[in-house]
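Once you scroll down, you'll see the structures, which are given as structure tokens.
Across the two complexes that follow, chain A remains constant while its partner is chain B and subsequently chain C.
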Partner chain A sequence: MLEVNHLKAYIDSSNGLVKAVDDVSFSIKRGETIGIVGESGSGKSVLAQSLMQLNPSPPVFYPQGEILFEGKDLLKKSTKELCALRGNELAMIFQDPLSSLNPIFKVGRQLIEAIQSHKKIAHKQAEAQALQLLSDVGIHQPQQCMKSYPHELSGGMRQRIVIAMALSGEPKLLIADEPTTALDVTIQAQILGLLKQIQLKYKTAIIIITHDLGIVAKLADRILVMYSGKIVEEGTAEDIFYQTAMPYTWSLLRAIPSLKLTRHDRLMSIPGQPPNLVSPPAGCNFSPRCPFATPQCMDTEPELTTAGDHHKKACLLTAQAFEESKHRFEQKQPEEV
Partner chain B sequence: MSSELVQVKDLNVTFTKKHGFLKHHSDETKAVNNVNLSVKEGETLGIVGESGCGKSTLARTLLTLQKPTSGTVLFKGKDIFQYTHAEKHKFRKDVQMIFQDPFSSLNPRMSVGEIIAAPLKAFGYPKEAIKKNVRTLMDLVGIDPKYANRLPHEFSGGQCQRIGIARAIALKPKLIVCDEPVSALDVSIQAQIINLLKDLQKEFNLTYLFISHDLSVVKNIADRIAVIYLGQVKELASNESFFTHPSHPYTNKLLSVIPIPDPKTAKTRTWTFVKEDQPSLITHSSGCAFYPRCPIAQDYCKTHDPELTQLAEHHDVSCFYPMNQET
Partner chain C sequence: MLRYIATRVVSLIPILFIVSLIVFLIIHLTPGNPAALILGQDASRASIHQLENKLGLNEPLFIQYLDWMKKLLTGDLGQSVYSSESVKGIIISHIGPTINLTVFALVLTLLVAIPTAVIAVWKRNTLLDPIFISLSLLGVSIPAFWLAILLVLIFAVTFPIFPVAGYVPLSRNFFNGLYHLFLPAVILACVETGLIARMLRDGMLEAIGQNYTKTARAKGLSESAVLLKHVFVNALIPTTTVVGTMVAGLLGGTVIVETIFTIPGIGQLLIDSIYRRDYPVIQGVILFIAVIYVLVNLLVDLIYTLLDPRIRYN
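Up next is the complex of A and B:
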């Protein structure tokens, strides 16, 4: 349904050229869920907004690649065609629910307007649909909710409303950019459950973006791990968790605070800072932070290569060398990396 | 008794919001509802609860930033709301805070060196000492002192949080109140900050009040844990007892929603499809506050309000039908 080929999205900024998305390819089928995982600044949001063609341009431009949605390249569509697609076939949920709602209008009005922008239907009908959507996303008293202003609702309710709006056009593809990062764990669980429910009901394809691999363990059929604008590992959730093929994914997995650890254990962190996309390090972009980097990593950039059935990794280490490095590393623990 | 740095007694903080025609109606929000807690010197007390349950209000009250409606807060045995001028001055040195949002808690127009120096300046440290201190502090939190002249926006979220920590420890405080210090950070960076906080605690014998909505984070840092629901302490236990015998149904609910970073186990768990809105602090009936959401509630709970009572050693719970005790 959606196929992204060799996409690059660069940004002209005052600090120089930001290679926010650098040669990314993937595809998603109907009813499938893809998780895109990476630290802040790895280019996830720019990628998501490229798919919706929502990046301000300039400064963002696309020097290469194509985004095929049902066979047609979104990069070649006119603004008018894109507007028609967005909200109908394609919909997006942003990290901060407040920013996607207008603070001065009541929820009902915003939702009804969203519905009427997709379909030419009477106000009464749109209102009935709005109520249905609100109850679909688990809001108890939809009538009352319609009459509220966004600031009168809790974070979780606001995010549900944003999801309701995104669903109003019955999209084929829903892109959720950190939909739960601003929320607490109980509400997070509800929102993730809600996304699953929607998918089962409408056969929606979902792309969910997060910095926490734990969140997509259950939801995603396939996971793309992004670092420094590139995909560094790609596979099923099982591949990524049980057959981890490269050091960055491995480090991300170990950083998740686990209930298995006690307070006497030292948490594993990834040393250093998330990637800088203006002047990325030479060679493998992860090399300055990689516990297994070899001298070769400083000047050779790894390509995304096969690591198994539908499983890919971008790392210069052979599978055996990676196993050995991990083994050696574990021997000299538990001191922090 | 002397080891108890902070004692919170029967603390209530109620916000009243007037609304309606001529403001005839008023809603009372019991953000802190009859809380009794103590924090021992050198320990970390973790405070856990959902958004809006009153965690920050409690923290602000301990910092005298919020006046209690009733009840007392003792710091080293003395009521912080009855302090003399000199005592207030000392208190401001002894108690510091670290905030959730690393960016907005730092003044964007001050260099990070100035930010860290500010509390030292306010307490009249000589110029040379300040300079030396700032360098040592930056080193301690892992920011290269040569960046002292840079502005906060030139640093990442994790680095800004380190700068906030350097500022908080500048005056060698006794107690640091950490309000969701890692919630806004990437998982990869959360661990760095938690490790740093633990190291500093050991080195300077710091006491932490550590607020979070994430039990897996709290497990890694707290000696004791208090679970707050709608302004009330529902469970209070040592870290070990808390996780081996989680007893309040709400605690169990919080534990059940932590994402499991393991596809096989995660996929055996049912989805949270529940239709439930945020609980409200306003509509409060006579029974147990958790009654409307409690999976094991009995009729009795509807009309009776449980008190926090001791269940086992180092383990208090406020529930008539505690769970998991003999596991």
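Up next is the complex of A and C:
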């Protein structure tokens, strides 16, 4: 349904060209869930907004690639055609529900506006639909909610409203950019459950963008790990968690704090910072931070190659070399774990 | 809401009290003797002294202030020492021209500022934006007196399209009145438009970067719906403050423009009464201006509650 081929999205900033999305390809089928995981600054939000063509342009531009939605390239569509798609076939949920509703309009008005932007229906009908949507996303007093201003509602409520808005056009693809980052853990679970329900009900394809591996582990059929604008590993949750084939993913997994840790244990982190996307390092982008980097990694850029059935990785190390390195690494510094 | 307004009005009292004290002291401590001024250069010492006694100028300052305050509390602003009319009457007779000029200038300002700001934001990535910024900066920086003289020279002297000066009450002849107010209103609007359009543009650009704008776009709204509904209304909130300050400033009389065009408004009244050392009038006018400022600020605060539901006064 959606196919991204060799997409590049660069940002023309005052510091130079930022390669936020650099040659990314993936596809998603109807009813499927894909998780895109990466640190802040890995380009995942720019990628998500590219899919809706919501990046401010300038400064963002697309020097290469295509985004085929049902066979047609979104990059070649006019603003008018895009408006017809957005909120209708393609919908998006943003990171911060506290700020993604307009503070000066009532919830009902914003929801009805979303409904009426694609369907020429009377206000009364749109209102009835809005109420239905609100109860669909688990809001118990939709009448009252419609009359509220966003600031009168909790974060979880607001995210439900944003989801209701996104659902108003019964989209084929829902892009959720860090949908639960700003929410409490208990609310997170509810919102994720809601997304799952929606998917079953509407057969919506969902792309979840997050930095939280735990979220995608539960939801995603396939996971893409993104690092400095590139996809570095791709596979099922099983592949990513148990057959990890790329040192970056491995470091990311190790950085998840475990409940088994006591307060004397050190938290694991990935040394260094994500690379500057204006002038990325030579060779593999992760090589400066990679504990297993070889001299070859510093000057040869790895391609995304097959590592299993549906499993791909962008790493020069062979599976065997990677295993050995991991083993050596863990033996070398057991006291630090 | 009513309670909020009531509290705000009550809180005006100490402010106005302090204003009255400052005004009174500054005026009475400046050199210059109204009695001597009224009677002219040839007046004898005795007659000056007699008039001073009559006006109460020989009393201690404290007593003079108390007398003034006593009358003020009954709504009596005193009498002009120059024309012996009541100060209240004088101010009221000068409000009309100033209000007319203010409303005219405000309408012109908004008519120009709002569309240009919206267009500048709409075409924000084109050459229009730097042009807009330079023009608004120019508008803010041009001194009103210079622009006034220049425009009079061009549009009243070289090409006599508009009158050089003068004022016709709108109640007597509406269109002729507007015709006379046109140049002064344009001059005031030029200065204010630069500021207000710039505020509106900056507010809109800020709103464009907000997440709710992204949500509005993601809904599939057209760019015009996004800009005019979501972005514009949010940008109105900071702009209202500037418009409020502008209105208060204009209602307090624009000394320069009113003087150049001989418009008998508050600004001209103030200047004339300063020349005449007409203490009661000066005090009355300044007090009036202070009240205008405070009331306009109150109005702006009330407009906020309409524009932004997050602001609620209790």
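Details
Everything that follows uses one rule, which is that the second predicted complex is superposed on the first by the 332 of 337 C-alpha atoms of A that agree within 3 Å, B and C clash if a C-alpha of one lies under 4 Å from a C-alpha of the other, contacts with A are read in each partner's own complex, and residues count from 1 in each chain.
What we mean here is this: contacts are C-beta pairs under 8 Å (C-beta built on N, C-alpha and C of every residue); 3 or more make two chains touch, one makes a residue touch a chain.
Model, not experiment: these values are computed from the prediction.
Clash-free side-by-side placement of chain B and chain C is the outcome of superposition onto chain A.
Counting residues of chain A touched by each partner, chain B versus chain C, the larger count belongs to B.
Of the two partner chains placed by the overlay, only chain C lies in contact with A:Glu113; chain B stays clear of it. By the document's definition of touching, neither partner reaches A:Ile209: not chain B, not chain C. Of the two partner chains, chain C is the only one that A:Arg86 touches; chain B does not reach it. Of the two partner chains, neither chain B nor chain C is touched by A:Ala164. Of the two partner chains, chain C is the only one touched by A:Ser99; chain B is not.
In the superposed pair of complexes, A:Leu54 makes contact with chain C only, with no contact to chain B.
Centres of mass aside, this uses C-alpha centres: at chain A, the angle toward chain B and chain C in the superposed model is 70 degrees, to the nearest 10. After superposing both complexes on chain A, the closest C-alpha pair between chain B and chain C lies 7 Å apart. The residues of chain A shared by its contacts with chain B and with chain C come to none at all. Within the complex formed with chain B, the residues of chain A that make contact are 39-41, 138-141, 154-157, 183-190, 192-194, 196-197, 211-215, 217-218, 237-238, 241-242, 251-253, 255-259, 261-263, 265-271, 273-274, 336.
The touching residues of chain C, counted against chain A in their complex, run 125, 210-212, 214-223, 225, 229-230, 233-234, 237, 307-310. The touching residues of chain B, when paired with chain A in their complex, are 50-52, 156-159, 186-192, 194-195, 198, 213-217, 219-223, 239, 243, 253-255, 257-264, 266-267, 269, 271-278. By the touch rule above, chain A contacts chain C in their complex via residues 49, 52, 54, 58, 79-80, 83-88, 91-92, 94-96, 99-106, 113-114, 117-118, 149, 151, 162, 165-166, 168-169.
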